[in-house]
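Quick notes on the structure that follows.
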Amino acid sequence: MVDRIFQRFSEKSGLPPGTIVHLGEKQVSPPEFRVVQYSEHVFEERKAAVVDDLPDLPISDTITWVHLKGVHEPERIEQLGRKYDIHALVLEDIANTGHRPKFDDTDESIFLVLKTLTYDEESDEVIPKHLCILFTTHMVFTFQESGPDAFTGVEDRLRTGKGRIRRKGADYLTYALVDATVDNYFVILEKIGERIEQLEDDITSNTTSDSMSEIHALRREMTVIRKSIWPLREVLGRLEKDESPLIHDNTRKYFRDIYDHIIQAIDIVETFRDMLASLHDIYLSGISNRMNEIMKLLTVIATIFIPLTFIAGVYGMNFKYMPELEWQWGYFAVLAIMLLLGIALGVYFKRNKMI
Amino acid sequence: MVDRIFQRFSEKSGLPPGTIVHLGEKQVSPPEFRVVQYSEHVFEERKAAVVDDLPDLPISDTITWVHLKGVHEPERIEQLGRKYDIHALVLEDIANTGHRPKFDDTDESIFLVLKTLTYDEESDEVIPKHLCILFTTHMVFTFQESGPDAFTGVEDRLRTGKGRIRRKGADYLTYALVDATVDNYFVILEKIGERIEQLEDDITSNTTSDSMSEIHALRREMTVIRKSIWPLREVLGRLEKDESPLIHDNTRKYFRDIYDHIIQAIDIVETFRDMLASLHDIYLSGISNRMNEIMKLLTVIATIFIPLTFIAGVYGMNFKYMPELEWQWGYFAVLAIMLLLGIALGVYFKRNKMI
Amino acid sequence: MVDRIFQRFSEKSGLPPGTIVHLGEKQVSPPEFRVVQYSEHVFEERKAAVVDDLPDLPISDTITWVHLKGVHEPERIEQLGRKYDIHALVLEDIANTGHRPKFDDTDESIFLVLKTLTYDEESDEVIPKHLCILFTTHMVFTFQESGPDAFTGVEDRLRTGKGRIRRKGADYLTYALVDATVDNYFVILEKIGERIEQLEDDITSNTTSDSMSEIHALRREMTVIRKSIWPLREVLGRLEKDESPLIHDNTRKYFRDIYDHIIQAIDIVETFRDMLASLHDIYLSGISNRMNEIMKLLTVIATIFIPLTFIAGVYGMNFKYMPELEWQWGYFAVLAIMLLLGIALGVYFKRNKMI
Amino acid sequence: MVDRIFQRFSEKSGLPPGTIVHLGEKQVSPPEFRVVQYSEHVFEERKAAVVDDLPDLPISDTITWVHLKGVHEPERIEQLGRKYDIHALVLEDIANTGHRPKFDDTDESIFLVLKTLTYDEESDEVIPKHLCILFTTHMVFTFQESGPDAFTGVEDRLRTGKGRIRRKGADYLTYALVDATVDNYFVILEKIGERIEQLEDDITSNTTSDSMSEIHALRREMTVIRKSIWPLREVLGRLEKDESPLIHDNTRKYFRDIYDHIIQAIDIVETFRDMLASLHDIYLSGISNRMNEIMKLLTVIATIFIPLTFIAGVYGMNFKYMPELEWQWGYFAVLAIMLLLGIALGVYFKRNKMI
Amino acid sequence: MVDRIFQRFSEKSGLPPGTIVHLGEKQVSPPEFRVVQYSEHVFEERKAAVVDDLPDLPISDTITWVHLKGVHEPERIEQLGRKYDIHALVLEDIANTGHRPKFDDTDESIFLVLKTLTYDEESDEVIPKHLCILFTTHMVFTFQESGPDAFTGVEDRLRTGKGRIRRKGADYLTYALVDATVDNYFVILEKIGERIEQLEDDITSNTTSDSMSEIHALRREMTVIRKSIWPLREVLGRLEKDESPLIHDNTRKYFRDIYDHIIQAIDIVETFRDMLASLHDIYLSGISNRMNEIMKLLTVIATIFIPLTFIAGVYGMNFKYMPELEWQWGYFAVLAIMLLLGIALGVYFKRNKMI
C-alpha cells in the first residue's frame, strides 16, 4: 500500500537540485522510444533505441510525437533534455514517478504530469503509473512509467486518419492523449463499482468477516484512485483557462469537456466512498445484531434454568427433617412447579420481545 | 444502486472524442420528436418520427420547441446535430445519460444538462433521468431520457396561452421548463419527507431491524437526490449571471427565482440528511438500551440465584458429620436464610437502580 | 418536525410561475392590515380590513408602514401587489411561508425574507414563522405569517416618539424591525440555553433515558433555529454592503451592528451544538459506565461462587468410597476451604481493581 | 458553562437600538477610571471616580490613556460617550460583555473588542473577560469588565520609560496593550498544556472515570478559549491591513507580529483539541480493554467449571443403579477426570490467547 | 508531547515587545558561527566564536553565508542584529524556537522561519527544530536551533563548486538551503511509512494492545510533522509569488519546484493520516471480533451445560418417591438423554452459525 502511494525519496536527499534521479520501482526492460510524425496527409511511425535516432526539431507543418516508455534511465532523459533543450526541473519531474499531477506553463512549452491507472486482476489492486506530457507548437513528448501502452487507441486513430486528429495541432493531440487517460479512469471505476455491488449483495445476505477486509481493501483502492484523480481537477482547470498561444481557441472547448469528465469521475469517487462508509455501517450493525441475538439466547436459557436448578438444589439437600421429601407426590409437584415456572418465564420473555 | 449513480463507460473508452455513444440503460420504444411552434397568437403542435420532418430554422417571430423523448439512438441525435448545426461535444453530452448537470454558453446557444427525478412507487426508489435543454434565440431543444413526459404542464400553458409565456421568448420557455423540473423536486422531497416522518414514528414507538434498512434505504435515496440537485446550484448560478444576449434582462430575475428554489431544495436535502443521521443515533441507542435491559435482567437473576444455589449445594454434601443436617429446623432455617438473602440482594439492586 | 422544516409544495407544482399560492399551515382568522403613518411630529395608526382602505402612495415627508398579519389569502396579496405595483415573484415569495431568508434589491425597492422564532411553551418547540419586509423610500411593508405581533416594541417607540426613530427614514424603520426580530433570537437562545444547563445537571447527577430524548429534542430545536438564523448572515451581509440609494449612509452602520449580532447568535448556536454533542458523549459514557459496573458485579459474584459451588457439587456425589466424607472434620474443613477460596478470589479482584 | 459563553440578553430585547444596557454578570465594586498622560519626557498618572474628573481633549503632543475598570454602570459609559463624542453603537458594544471580538474603523477612531482570559485556580476554569480598546490620534480608551488589572506591565513600562513606548503614538500604545493581552493567552494555554500532560500520564498509567470528566472539563475550557481567540485572527488581520491614518506604517509591522502570535495560539488550541480527542480515544480503548479482560476472566472461569460442575451433578444423582458409584476408585477416577478436563480447557484457552 | 508542540511562553509574558528571549529547550554547548564566503571562483570557509569575528558587509561580487548553530544566547543574537542592522522583531522570532513557519518580506531582506525534522531513533520520535533564514542581496544568515548540521550537503556543493550554485546569487543559496530542508522531510516520511507498513502487517496478522499504542504514537508523530509542514505551503506560495527584487526571475521557478514538493509532502501526510485512521478501524474491529468469539464460546458452553446440569440436579433430589430412580436403566437413560440434548443443542448452534 505504502509503495503505491509514495516513492523512496531518501536516495535523492542531499543531491543538488535539478539532478535527475529515477524515483520509483526499478524496471528491467530498457526504455524505448517510439516516434510518430504526421500531418494531414502523412503518417510515419518508427521505434528508436537511443536519443540520437530521434528526429531533430521538426519542420513546421508536421507534428512529431515522441513517446518514451520507461523513465528509469536518468541519462537517457538527460540526453533527451539536452537535445530538445528541456529545463532540468522538468526532467527531474519526469524521472520522479511519485510526482503528483501538475500543470506547468513555461512560455515555450506546456508540461503536464498525470497518472494512468491499471487494474491488476491478480491482486485486485489499482496501480497508478506516472505519465508526463510535454508539448510545444509542433512536438509532443510523452513519458510513461511502465505497463501496457496507454495510447494505442490514439495511435490507431492517427494511423488510420479517422476523425479530425490529423488535421489538428499538437494541442489537439495532447487533448486526445489526456482524453484517453481520463476515459480509462471510468473503466477502472466501473470495475470498482462492480466489486461494491457484489459486496453490497454479500453483506445484505450474510455477514462474514471477509466483508470487512473487502470493505477495507476497497477503501484503500479509493484512496489510491482519489490521489490520482483529485489533483487533475486543478490541472485541467488551469489547462482550460491557460492563455498560452500553444492552445488554440477551439481546442479549449475540448479541454473543457475533459474537465467535465474529471468532475464526473470525482463525483463517482466521492459517491463510492459514501457507499463504502454506508456498507461499513450496515456491516457493523449486522455483526452487532448477530451478537445481540446470541447474547439474548444465553440470557434466556440461563435465566430460565437458573431458578429451576436452584429448586432442584434445594431438594437435593440432606436435611434430616424436610417434610416435602416425604410427601407421596412431592417429586411430581416439584416437577410441575418447575415446568410452570419455566413456561411463565418463557411467556414473560416472549411478551417483552426478548426471544 | 450503482446503476442509478453511474453508467457503463467502458463501451466508450478508446473511441475518438466527439463520438456520440448512448451511455445508459437500453430502451425499447423508439425515440419520438414533438414539435411545438408558437407566437403570441399562434400555437401549433405535432409529432415527428424522423429528423427530416422537423421544421427548418424558424422564421423570426415564432418560437420553435423541439422535444425528443429517448436519447438511445445516436444516429438520430447526429442527424439532428447536422440539421441544426450543433457541436459534436454537445451531442455527446446529450447521449451520455450519466452526465452531471452542467451549463455551457457557446456564443450562439446555451446548453443545460439537468436531471428529472421520478419516484418509483413499487421499489420506493428515486430514479434520476437525464434531461438536456439547448436554446438559441428562436429555438428550444429538449432531450429527455425516458419516463413520463416532464413538461405536460408547460405544454398546456402554451396551448391555452395562459400567463405571459406565449408573449415571451425562448429564454422564458427555458425558464418555464427548468422551473417545472425544479418544482418536481419538491414533490419528490415531500414523498421522502413523509417516509422520514413515518420512520420517526416507528423508531420512537419500537425498534425493529426493519428501521435500520429503511434508514439505509432513505440515505441511499438522499445520495441519489443530492447528486442530482447539488450541481444545479452552480448551473443556475452561472445561468443567472451569464451575460449572453440570449437571456433577456427581465428573464434573469426569473432564473434568480429558480436559483432560490434550488437553494431551498438543497437546504431540505441537507436537513433530511441530518434528520436521518439523528434517527440512526436514536435507533442505535434504542437497540443498545434494549440489549442493556436484557443484560441487566440476566445479571440480576444470576446474581441472586448463584449464592442461593451454592447454599443448597453445601447442604447437599454427603459428609457424615454435618451438624446442621440433624437439627429439627435446619431445613426451614436454611430456607429462611435463602429468602432473606434473596430479598437483601433484590433490595440492593433496586437501590442501585440495577432493576 | 418535518412540518416545521418544509412546506407542502405539491399543491404548487405545475402552476405557471408567478402564481401566488399560500404554501404553509392553513390559518382560520382572516388577515388584517395595520397602517402606521408618521413623520417627526405626526403619528397616526389604524387598522384596515381590505386593500382599498389602504392609503395611496404617501406624500413625501411621511413614512407609511403597512403591516399584514396572515399571508394565507393569495387574492389579498395580489390586490396589494396591484395597488402598489409589486413584482409577481416578490408576491409569490411572500405567500410561500417555507421560503428561506433572502435579500433582493430591485432598484425601486428592497425585499427581505426573515424568520421570527416563537417558543411554544407547551410542546417546548421553537416555531419559525415567515416574515417579509419590503421597503421603498417612503413605504415599508411587513408581512407576518401568524402568531403574536412581532413588532409591538417598535410600534410603541414610534407612538411615543422615543429615540431617533421618528426623525429617520424608511430604512431606519426597517433596521428597527430587523433589530427587533434578531433581538428576539437571543431570547429564544436563552431559553434553549437554560434547557441545556438543566440537562447538563441532570446528566452529571444521574443518567436516565429521558436525557437521551431531551438531547435529541434539543438537537432538533437547534436544527430549526440554525436553518432560520444561518442564512441571515448572508442576507445582512449583503444588506450592509448594498449600494442602493434606499439605504442612507448612516443607517448602514446600524445594519453592520445587526450583522454583528447575527454572527454572535450563530456563534451561540454552534457552541450549543458542540455542547449537545459533548453532552451526548457524556451521556453515552455514563450509560456504558453503569453497564460496565453491572457486568463487573455479575462477573465477580459468578466467578467467586462458581468454584465454590463446584466443590459443594463434588462432595454431593454419591460414590461409595469417598474418604473425606467419613472424616470427623471433613465438613468444616471444606467450609473453611470454601471461605478461604472466596476471600482469596475477593482479594484478587480487589487488587486488580475489578470491584 | 452556559454563563461563560453567553449573557442574558432578554433584558435588552425590545429596547430601542443604541440603548446602553450592561449585559453580563452584575458587579459590586463601582467602576473606576485611571488616567495616564505621557509624552517622551512626561508621565502623569491618576485615578478618577467620575467622568467630570477626566481630562478634556488632550493637547497634541501628549498621549492620554483612560482606563475604565467595570462596565456595569451604563450611565457612566454614556457620560463618557457624551464627553468624548463616542458613537452610541460603540457604547452599546462596550456595555455588552458578551460581544464577540470585533474590529471597527470609523474614520476618526478605531474600536477593538477583545477578550482577556483569566485562569480561576479554584474551579480550574478559564474565564473570558470583555475588553474594549478605542483609540484616536492622541487618546486611548480601554474598558475592562472586571478581574485583575490586565495592563500593569504596560503601565510599568510607561512609568519607567523603558523601551520605545513613550516615544511612539496612540497606535503603539494600543499595540502594547493588545500584545499584553495576547501574551497572556500563552500563559493560559501553558496551564492547559500542563493539565493535558498530567492527564496523558494519568490515562496511560491507569484509567479511572475521573479521567473522563477531566477530558470533558478540558474540552469545555478549549471551547471557551477558542471562542475568545479564533475571531481575533480576523480582527488582527483587518487591523494590520487597515489603511486608517491612525496607524503609522512602522506600527503596522508590530500588528503583523501579534497576528503571527494569534495564529500560533490558534495552532496550539487546535493541537490541544486534537490531543484531547486522541486522549478520549485512548481512554475509551483503555476502558474497553479492561472490560474485555474482565469478561474474558468470567468466560474462562465459567467455561472451565460449568462442565466440571455438571460431572459432579451427574454423580450426585440418586439412581439406584449407578455402577460407577460402587467402584472402589470411582471417586478418585472422577476427580482425576475433572482435573484433566480442567487442565485441558485451560491449555486450550491459553493456546487461543483467551487468558 | 506537549513539549514538542509548544514552548514555555510564560517567561516572556509582560516583557516589552522586541525583547529577545530564548524560548525553547535550554542548550549547553555555546552557539558557534560558521562563515562561508564565495563567488564563482572563490570559496572560503571559517568558524567564528564571537560576533566581532564576522565579516563586515561583503563586497558586492561575493556571497557571504553566516550560519549560527544555537539560538539560546539572546545577547549574541542581539549583537548580530546590531552589527547587520536587523529589525528587533526578526531577532525576537529567531530566538523563539516555537515560532510557526512564516515568510516576511521587509524591503531590504527576506526572512523565513522553517522547521527541520530529525528522527530520534531511540525514542522513535520526530523532533522539529527551529530554523531561520534571512537573506539580502549578498548575504544569507541561517539560524539553527541545535542538532546535527542540516546543511552539510549544500556546503559540500559550495566547496566543490559542483552544479550552478557558485555562479548564482543569495536567492539561489536560499533555495538550495530550503530544498535541502524539504528533501529531508521525505526521509522522515519514509521512516514513518515503514513503521506504518510494519504496523499494517502486525495488525492483520494478530491484534495485540501494542498495536493500539503504536497507532497512537504514529498519530502523534503525524501531528508533529503536520504542524511543521502545513504552514510551509503558504510560506513557499508567498515566496514564489513575492515580487521582491531580491529574488531573480529564474530562481522563482526553483521555488515553484519546492512548492510542488511541499504539496507532495502534505499529500503523503494526509494519506498517512487516512491510513492510520483506517488501521485504527481494522484494529478495533479485530479486537471486537476476538471478544465476540470469546463471548460466543461462553454462550455455547453455558447454554449446552445449563440444561444438563439442571437434569442432574433433578435426579439429585432426595424425594422419597421418585419412580425413575428405581428403574434399572434409569441412570443410563438419563445419561443418554443428556448426551442427545447436548448434541441437539450443538447442532442447533452449528446451524445458526453460532460456533
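Points to keep in mind about this one:
Lettered A, B, C, D and E in written order, each chain numbered from 1.
In this section, a contact is a pair of C-beta atoms (placed from the backbone, for glycine too) under 8 Å apart; a residue touches a chain by one contact, two chains touch by 3 or more.
Computed from a prediction, not measured in an experiment: that's the story for all the values here.
Graph distance from chain B to chain E, where chains that touch are one step apart, equals 2.
Chain centres here are Cα averages; for chain A and chain D they lie 42 Å apart.
Averaging C-alpha coordinates per chain places the centre of chain A 26 Å away from that of chain E.
Under the contact definition stated at the top, the residues of chain B that touch 2 or more other chains are 295, 298, 302, 306, 309, 313, 316-318, 322. A ring topology is adopted by the chain contact network, closed into one cycle in which each chain touches exactly two others.
Across the complex, chain D meets chain C through its residues 1-2, 5-6, 8-10, 12-18, 87, 89, 92-93, 98-100, 102, 104, 106, 206, 209, 212, 216, 219-220, 223, 227, 280, 284, 287, 291, 294-295, 297-298, 301-302, 305-306, 308-309, 312-313, 315-318, 322, 324-331, 334-335, 338.
Within the complex, the chain E residues that touch chain A are 153, 157, 162-165, 175-176, 179-180, 183-184, 186-187, 189-190, 193-194, 196-197, 200, 253-254, 256-257, 260, 263-264, 267-268, 271, 274-275, 278, 281-282, 285, 288-289, 292, 295-296, 298-299, 302-303, 306-307, 309-310, 313-314, 316-322, 354.
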